[in-house]
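Paired with chain B in one complex and with chain C in the other, chain A is shared by the two complexes that follow.
== the complex of A and B ==
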């Protein structure tokens, strides 16, 4: 027993040195939190199955477009002698279709994967053990946000890249510029929606509530942008339409000023949503 | 070892209209072991959560003497909640290293600390196992290890042993006994026995207010009262009749004995709180002899902390 005490006291005397270093190592703490988030994504297999789903979704679109005439012919139950003329799909149109696939299935999967990211830890009390340590609330939220971003941008790149590659193989080559531009615009839309999920995960007790509130908000914004494009062109909801345009237009998309505003408001909204999450977390770091 | 470590001033918390904690004041001296006592729902957990910064107080403040301005008070506190929750996908070793890194330790330092602490709390063999498979007692001990990883000035624990089986309880109490010689400890409990066994100071709270506080020794000597318990023969009506009459006489003030301050009959046991032990013993024996009361046991002693607790809290 005494031996153990000696060890403790011995190290205690030297404890001032690391503590003074503590204050300057906010970056190290952030990296530790981020490392934990990434490890959690890996151990819960999210880092594996989410990209796989995206890749499958991405490959399916060009493959289906390519084989559509044959599929209809074999399974269509058409009367003998019917002639179906399906124009060969444009490569850029296939990419835009892929994006709209991601816009439904992809965002649903990501929102479901991230819905409990704060509320789960808060409800179990695991967040209490982290937040009683000298960890800033902002780095707690930002580490979670960055892990979501890594997962969503990575999955999107993999899935969209696969779609682009298969379109090239089966249909035609699509220029890199429209591909990358539409990728970035869509990625920004994903980031916005998932930041809303993060906020609601901090605000609400229920994980499902967070997923469906943010999906609802996403649908509302896209529908509004579609219904009254004149007035909603500046909203982040216009980003999806912008991405489709970017994919289908040759070369650089000529962006109107209102479209630039959609990008800017999305960025501002993401920052504001993150700040709101930090404030909410600060107000009640843990629940009983 | 008498420097003040922490001071709590006017700490209050209300949830809506419910006042959970009503202006609590107390201070903790360096190196002491302090127990926060109170019945369930008295506001112990709320107080502790405010101390650790997990809950913003409605009013009042918590201040640390040794805290440099601008420094985070969380760096000085190690906290073990009532039922610590961990990430089930981590191993014990990983978690303690993670906790150490969060407190600003370097990679190799955190690893060494984690190894040393896991050894100490008896989890060295389970260090590589996933936390999902840990038992309640193991989780509590791991919670202790992660709370100590940055050598906190103050170890705060919320009901550290309440949820454990007798074996786990023994184990954790043994660890706490060791720890209290090394750092300042504050823990809440509703188990008086644990408090009596471990702590130097007690703060008893009742419905959100401090009912009594001080060092255990001084509280004992101030509030300790001589008590006499007389067990009567239940079948013998003469004894019971005498006891009932005796209690009635003292309570109605009909006959006041200078040596007696309180008399109460519970079943077949007569509880007497005496003013002066020697006089009381003498006078009672005379009384018993005069009425030739048949009793089966006579016990003379002092009121325990539990009696005091019941008295303070039960009002």
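== the complex of A and C ==
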């Protein structure tokens, strides 16, 4: 972390600011921290294996739906002479299936991969080493958050793009608008869940606790949004259902006001969760 | 004729999938062998990575390594 310090000194050379006076929140410090986070992702190989897993998941779903009749014929122990008519899958339906696959496996993998992002550094003492430098708590949290966002949106785009391409090859062409719209809605849901993970990673000592509380919260929200759609349509949990609708509807999805609220509350919640993480980090910057 | 076409198409479609899985497996194996200490016996992880299809390497990446 020499870099951050040097950058900080560089920007304050003329002013001769006392080192401990204020915590700088300059953009240069933030960029250095972000670079450090991305390097960390690369060193732990997360930047490589997470996108590959998403690509495999994304390819698997269209291939499976394409070969499903053959698989059932070969592997299912159907009585001789049974004829099952399986309707050819719709391309948009396959994309929605892929999204729900990402919603289970993908979110599990991402939450588990990011669970120790603050608590791990804090337990090992690395966060204390960073935070004694003139680095603001906000830029420390934000750099971690942005690195998670880069990883999750990138992986989702790669996996979903692969699914879209394979659906086009195997089943049928799905328009770009439903594809992109459902991608953005699902990405927003991912961002929300991972921001919850970041908050719990700051709040709790154990990394596994952070992963499972945030996954539990995500499951609770989606179940609530599915059970009582009338009252929970504004909650971020409704985003997954909205993304499936966006994938299956031709052209632009006609969004109801309540659905817009789901997007807005998700954005507000992400900002609030980040602010809460900064406050929590300020209260306990390091374990002693 | 039609069947060979179908077969070559199928192979062409599945090759990227297999290559991706192989890359994943190889990275996991190299990391597993190079790392000093894994959580649990190293041989167990090697077997999990090789026979665990997609789940094996993921499990190793997530749980197999001790935090340095």
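We take it that the second predicted complex is superposed on the first by the 263 of 288 C-alpha atoms of A that agree within 3 Å, B and C clash if a C-alpha of one lies under 4 Å from a C-alpha of the other, contacts with A are read in each partner's own complex, and residues count from 1 in each chain.
We adopt the following convention: contacts are C-beta pairs under 8 Å (C-beta built on N, C-alpha and C of every residue); 3 or more make two chains touch, one makes a residue touch a chain.
Since we're looking at a predicted model, the values are computed, not measured.
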Thinking of the overlay built on chain A, is A:124 touched by chain B (first), by chain C (second), by both, or by neither?
-> both
Touching A:166 in the superposition: chain B (first), chain C (second), both, neither?
-> second
Check the residue A:55 against both partner chains and state whether it touches chain B (first), chain C (second), both, or neither.
-> second
Given the touch rule stated above, what does A:32 touch, chain B (first), chain C (second), both, or neither?
-> first
Thinking of the overlay built on chain A, is A:284 touched by chain B (first), by chain C (second), by both, or by neither?
-> first
With the two complexes superposed on chain A, say which partner A:63 touches: chain B (first), chain C (second), both, or neither.
-> second
For A:40, decide between first (touching chain B), second (touching chain C), both and neither.
-> first
Determine, for the superposed model, which of the two partners chain B and chain C contacts more residues of chain A.
-> B
Report, in rising order, the residues of chain A that make contact with chain B in one complex and with chain C in the other.
-> 124
Mind listing the chain C positions that touch chain A in their complex?
-> 13-14, 16-17, 20-21, 23-24, 27-28, 31, 54, 57-58, 61-62, 67
Residue set of chain A touching chain B in the complex reads 1, 4-5, 7-9, 11-12, 15, 18-19, 21-23, 25, 28-29, 32-33, 36, 39-40, 43-44, 124-126, 128-135, 283-286, 288
Considering the complex alone, what residue numbers of chain B touch chain A?
-> 45, 49, 52-56, 71-72, 74-75, 77, 79, 81, 83-87, 89-90, 98-99, 101-106, 109, 113, 116, 120, 143, 146, 150-151, 178, 181-182
Parts of chain A lying in touch with chain C, wherever the complex brings them together = 45-46, 48-49, 52-53, 55-57, 59-60, 63, 109, 112-113, 116, 120, 124, 166, 169-170
